[in-house]
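First subunit A sits with subunit B, and in the next complex the same chain sits with subunit C.
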Partner chain A sequence: MPHRTFFWFFFPSGLAMLLFIGLPIISSFFQSLHIEPEQILMEVEKCDPFGCKTETKVDIEATTKLQEEQPLGRFNGLGTYVDRNHLAFDEIKEAWTNSSSIPEFTDILLNLPFYKALLFTLTFCFAVTPPVVVLGFIVALSVNTITKSLKGPTIFGVILPMIVTPLIGSLVLFWMIDAKGILGSFIQFLFDDPNLSLKSSSQLTWITLIIYGIWHNTPFAFVVFYAALQTVPQDPIEAAIIDGASRYERVRHIVIPHLYPVATFIILICLMDNFRVLEPIIGFAAEGVAQSLSWMIYNDLRSENKMLFGSAGATSMLTIIGVAILLTPVLIRTWREFRTER
Partner chain B sequence: MKKLLIALLFTFVSTSAYAGGHSPCGVTDGSIKILANEFTTYRIFMDEVKSCAGPDADFSVTHSVDHNKLQVAALSANPAEFSAKLVTNGSITTLMNDNLIRPLDDLVAKYGSALQDNQKIVIDGKIYAVAFMANAQHLWYRESILNDLGIAVPSTYEEVIAAAEKIKASGKMANPYAGAFKSGWNLGQEFVNMYLGHGGDFFKAGTAEVSVNNAKGVAALNMLKRLTEVSNPDFLTQDTNAVKEEWESGNVALMHIWNSGAASLLDDEGDQAIKADTRLAPSPSVGGGSKPATTLWWDGFGIATNTSDENAEASFRALLGAATSTEMANANPNATIWLIDGYSPGDTAGPVVDAANRGATPYPSLPYMSLLHGALSTELVEFLQGNESAEKALADVEAAYVAKATEQGFL
Partner chain C sequence: MESKINRYSKQLILINSFFILAWLIVSVFPFIWTFWGSFKVKADFFSRADWMFAVTGVNTLIETGDTSTVKAYVESWTEGEFWKATMNTIIITVSVVTISLFLGTLGAYALSRSTYKYTFWILIAALIFRAMPHITLVSGYLFPFFQLNVWGILPTTIIVLVAINQPFTLWLLYSFFKTVPKELDESALIDGCSYFQAFRFVIMPVMWPGVVTAGLFSMMLAYNDFTVTSLLLNQQNYTMVPKINAYLGTIEHSGNYMWAVSSVVSATAPLFMIIMFFQRQLISGLTAGAVKG
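Let's turn to the complex of A and B:
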């Protein structure tokens, strides 16, 4: 394709990406460099049904004036990025000098909100993605072999977890795993422990969230694999059958190599999606024990006080950097394959 | 199905304007859009506001347990998404900080002759809200269970734990105590109660500098820990409404929740045997203190700054109609403690009056209190799960608060 044609072909989507992805990112970045203007406090008398007393209040006039002078807030540089709620450089330095052993240092590190969230986010990503790819592939292979008349309903059943809104899906499961719910009481029966509760410990909550993640994401891998299976060339398969290759050997030596690029694509998308995990945490009321980077942004914007735009902006930037780092190996690999193919 | 249809119809009717009829509160034009918390007493109040606004009015109300998280965003927009917000001494400061609710002096002068003086929330000489009810958390118990085991009604938290352990040992219940320990606002509130019960102060006087990492804070946390040990292991996921469900299912014999819970806990739906056995008791004190470990709250309404004067007036008149309705108050005497003129308190008012008499503190109305509450909401979980010491948890709370307060410009 000539460069000129390509440019005009790409221009509309490029423009849309710039407007709806590029500009918001730049704006978040600018916001993340600023913090709220100083709040001017004053003592006033407050009277309510329980009596009158002198209390502190924000001097609205003076604070509004400051806000008008600096609509973006005070410039804070990368201050928000390195504060305790984000990268926490000072705290890490202090922990490094004060801790006597690596486990103690790790303990302090993982107690900091950002690193705690990062640990869960990465655990979720890497625990969910491989089973999703494997399960999606197995399901796709199985569905591909059933008779035509049953295919439609089966496919519908298989992709159902993806159709259900994540928040609703997790809420439904949340009630099912309740100690008195159908799954919860079954698990209690299974392990013969009437006090067993999936919601009570962090480890069990993490496992629940990961299983939910696999349940929710498998249909996506299935759909892509299933579509790709339809493109597997029939000639080599027939040749393999004539040569007496078993079903396993056919899958291992013909189907899997053919689907390899597709698997890379699924891994890419899954990692990206799971890095942004949020809804199951809300649905399972797991905020206490499992926080993700997206949850931190959500929490900053829905705190009971003013929305912490700076903090949310900083976490967003760090999330974008995180996604970029995570995807680099896969992207480099794809690029190399692309180069060798040419 | 029929019920569902009726509910759907009701939603349509409540959100759309209808022709004909007139407003008992004299609302002629303007739209009334209210944001409010979700619990039975507020529903009763809103029904009255709705009937006061009349069938002509463009009236809608959004009940949400997340009202505090929605309020700033919803009222900052101009014009605001809501014309009025039901506020408490906890949530009003956030709205005041950003100038999101307007002074009501003119409207009160014009229409508010039926208001009692203690309903007016006066800040720096101006009325910013009108209160209509008072609320507090206190103890609830199952009389028959305590009687069967010969347990006296606990008046301190130490006795609550002893009682719960006795019930547990008797095999009647596995987890006899319940409190709203859901990580988030509820958990923060449990600490606020317990810390104030120990006589603690959240901030160094007159400043936004936090001080909770002290002996009182540690004692408060240890007491919470002991309470969670006699609670359902899922305590970190249970908010007030979930606790009420546990109570109505008969799984709990002692709980510390809101007085306004009486509206649904004592109504005629559900297991009447449990309801007849439900008793209210004063909030316990703790650690040898005399003050009950609870906070006093008022609930009222404020009118948005960023709404037209027309909408503000319509909303004010409709809400005022309910906030001065002696009829509503006396028809629902046990729904809460109404602050309305002519109301004669029902038999459930006792514990709140008792808390006020014994010197319980009102929830602090400080501009930076919600930041501390937010820090408490998330940083105490690990301690309650036994993964962290009390001192470490409180140090985390302080550090999380400092980072947020710095970003907000308070420090």
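Let's turn to the complex of A and C:
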């Protein structure tokens, strides 16, 4: 296809992506270099019959004028990146010199907002992914063996948790897990503790969120594994049966090796998607104990009168760096695939 | 797998059926429970005394005179203005699906037929764009949109969702067009068609299976989106998902909480219907990128 034709075919799609995905990243970066203008204070001398006092108060006129001149705020360089709410270099340095032991230092470190969020995000990613792969595989194997007429409805039932948006999915589970809901009461009954609530401690909330993550992501792994199972070659399996291999041995030595590439694909997609975890935190009302990087950005942008564009931009940039690290293996894989195709 | 040589033992079938049944309960029961509970009052759905109240509807009987009630539905749709959110969702979903398919088929067709190296880099860029968390993009939108005074309205959100959706649509349709034999449109070119005519008269009639799959995913993205819609729309223009979240913010009024429960059912039901019809396309789309690897 000549360049010219290609250009006109691709132009609308390319323009949309450039304007609304490429530019926002740049705009986000630009915002992160600025900080909201401080309010301009002025000293006013106030005199009453008992004498004169000087007071400081906000010069509203000058502040609005400054805001109009510089809507983005003043230039701050990388200041926002290193402040207390982000990388917090000063606080870390201070903690390092002041703390007497490593646990004390990590304790201080993990109480800084950014590192706390990073810890949760990574814990969520890496705790959800392995069970998802294993469960997805087992479910795919089982569905593959049931009668043909039952397959359709079964697959439909299994993929439901993936279809609903994470907010709705987490709400549905949250209402059941609530101390007054069915699962919550059951757990209380199980542990014989009428005050037990999954919301009561941060560990329990984290576990709940992770269980939600597994529930939501397993259908995806299932679907991919299930489709891949249809492509497993039959000849080696039949040969193995003749040679007397047990079902377990057949799965272990023929099916699983065939599915390795698919498994890596699932792992990478799962890690990437869970790195942006946001809605479950809102759905489970877990903001107090579990913040993710995405939630930090959401929180900065949520309040309507004072949005912290600078802070949100800086967190966005740091998140993008995280995504880039997770993405590298995918890119290398695609590169290889493409080279062999041509 | 169904050859005679590969029979399953009775034991295995038993364990297997048991496992599948258990898993189905785990994935389906929460929805059935919510559906059932949405016809009760809050005192039953979140019952302090006994969880069985949610099944039997004791308080619902006391409060409304019947064991189940559609009060929450009626109130959320009228007083809670859920009809408006539904309208907005329909407008956004239909527009996003139409526009992104239009842009996507053109772009992906070009990518699949061009033999130059830059197609590879475009696809890589699309892959990177696909991986961007939506919230990071939103943080880039807000400030310019405020300055341009286009924040809060539906068209802005539609364009943004179309753009966010493009990378995935491109990849999906790209791998689909790769399976359409090149000879088909090449022969049309030899017969004197322009590229656009070849696309219009030769490719378009055969591209529908791929387009349905891509459309299904666009629909799910637009319908399910929370991050973009909740931050880029103002309260009056909220779609279903942010609207449900807004109901939750007002917990003090116990009626409103059941609004959220009934709205969850109202929002999920149509989605499940659509998926029931298009399940095959959904699965083929999810596996398009994975299986050949």
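By definition in this document, the second predicted complex is superposed on the first by the 277 of 342 C-alpha atoms of A that agree within 3 Å, B and C clash if a C-alpha of one lies under 4 Å from a C-alpha of the other, contacts with A are read in each partner's own complex, and residues count from 1 in each chain.
Going forward, contacts are C-beta pairs under 8 Å (C-beta built on N, C-alpha and C of every residue); 3 or more make two chains touch, one makes a residue touch a chain.
Because the structure is a prediction, the values reported are computed rather than measured.
S.K.: Just checking: does A:V82 make contact with subunit B only, subunit C only, both, or neither of them? Give me first, second, both or neither.
M.R.: neither
S.K.: By the touch definition at the top of the document, which applies to A:M307: first (subunit B), second (subunit C), both, or neither?
M.R.: Both partners, subunit B and subunit C.
S.K.: Under the stated touch criterion, which partner chain does A:V134 make contact with: subunit B (first), subunit C (second), both, or neither?
M.R.: Neither partner.
S.K.: Compare subunit B and subunit C by how many residues of subunit A each one touches, and report the one with more.
M.R.: Touched residues of subunit A are more numerous for C.
S.K.: With both complexes overlaid on chain A, does A:E55 touch subunit B (first), subunit C (second), both or neither?
M.R.: first
S.K.: When the two structures are overlaid on chain A, which partner does A:S200 contact: first (subunit B), second (subunit C), both, or neither?
M.R.: first
S.K.: First (subunit B), second (subunit C), both or neither: which does A:L327 touch?
M.R.: In the superposition, A:L327 contacts subunit C only.
S.K.: Just to be sure I read the superposition right, which of the two partners does A:I182 touch: subunit B = first, subunit C = second, or both, or neither?
M.R.: second
S.K.: For A:A245, is the partner it touches subunit B (first), subunit C (second), both, or none of the two (neither)?
M.R.: Neither partner.
S.K.: Share the list of subunit A residues that count as touching for subunit B in one structure and for subunit C in the other.
M.R.: Common to the two interfaces on subunit A: residues 178, 285, 302, 307.
S.K.: Applying the document's contact rule, which stretches of subunit C touch subunit A when the two form their complex?
M.R.: Spelled out, the residues of subunit C in touch with subunit A are 1, 3, 5-6, 8, 12-13, 16-17, 19-20, 23-24, 26-28, 30-31, 33-34, 37, 45-48, 50-51, 54, 102-104, 106-111, 113-116, 120, 122-129, 131-144, 147, 159-160, 162-164, 166-167, 170, 195, 199, 220, 223-227, 231, 241, 244-245, 248, 260-261, 264, 267-268, 271-272, 275-276, 279, 282-284, 286-287, 289-291, 293.
S.K.: What part of subunit B is in contact with subunit A in the complex they form?
M.R.: 66, 68-70, 72-73, 89, 91, 93-94, 96-99, 118-125, 131, 134, 174, 182-185, 187, 206, 208, 232-234, 236-237, 296, 298, 339, 356, 362, 365-368, 370-371, 373-374, 378, 381-382, 385, 387-388, 392, 396, 399-400, 402-404, 406-410
S.K.: Under the touch definition given earlier, write down the residues of subunit A that touch subunit B in their complex.
M.R.: For subunit A paired with subunit B, touching residues are 35-39, 41, 43-50, 52, 55-58, 60, 64, 74, 80, 83-85, 91, 111, 113, 178-179, 194-195, 197, 199-202, 285, 287-289, 291, 299, 302-308, 310-311.
S.K.: Applying the document's contact rule, which stretches of subunit A touch subunit C when the two form their complex?
M.R.: Residues 1, 3, 5-6, 9-10, 12-14, 16-17, 19-28, 31, 71-72, 138-139, 142-146, 152, 154-161, 163-168, 171-173, 175-176, 178, 180-182, 185-186, 215, 219-220, 223-224, 226-228, 231, 234, 237-238, 241-242, 247, 261-262, 265-266, 272, 275-276, 278-279, 282, 285, 293-294, 297-298, 300-302, 307, 309, 312-313, 315-317, 319-320, 323, 326-327, 330-331, 333-335, 337-338 of subunit A touch subunit C in their complex.
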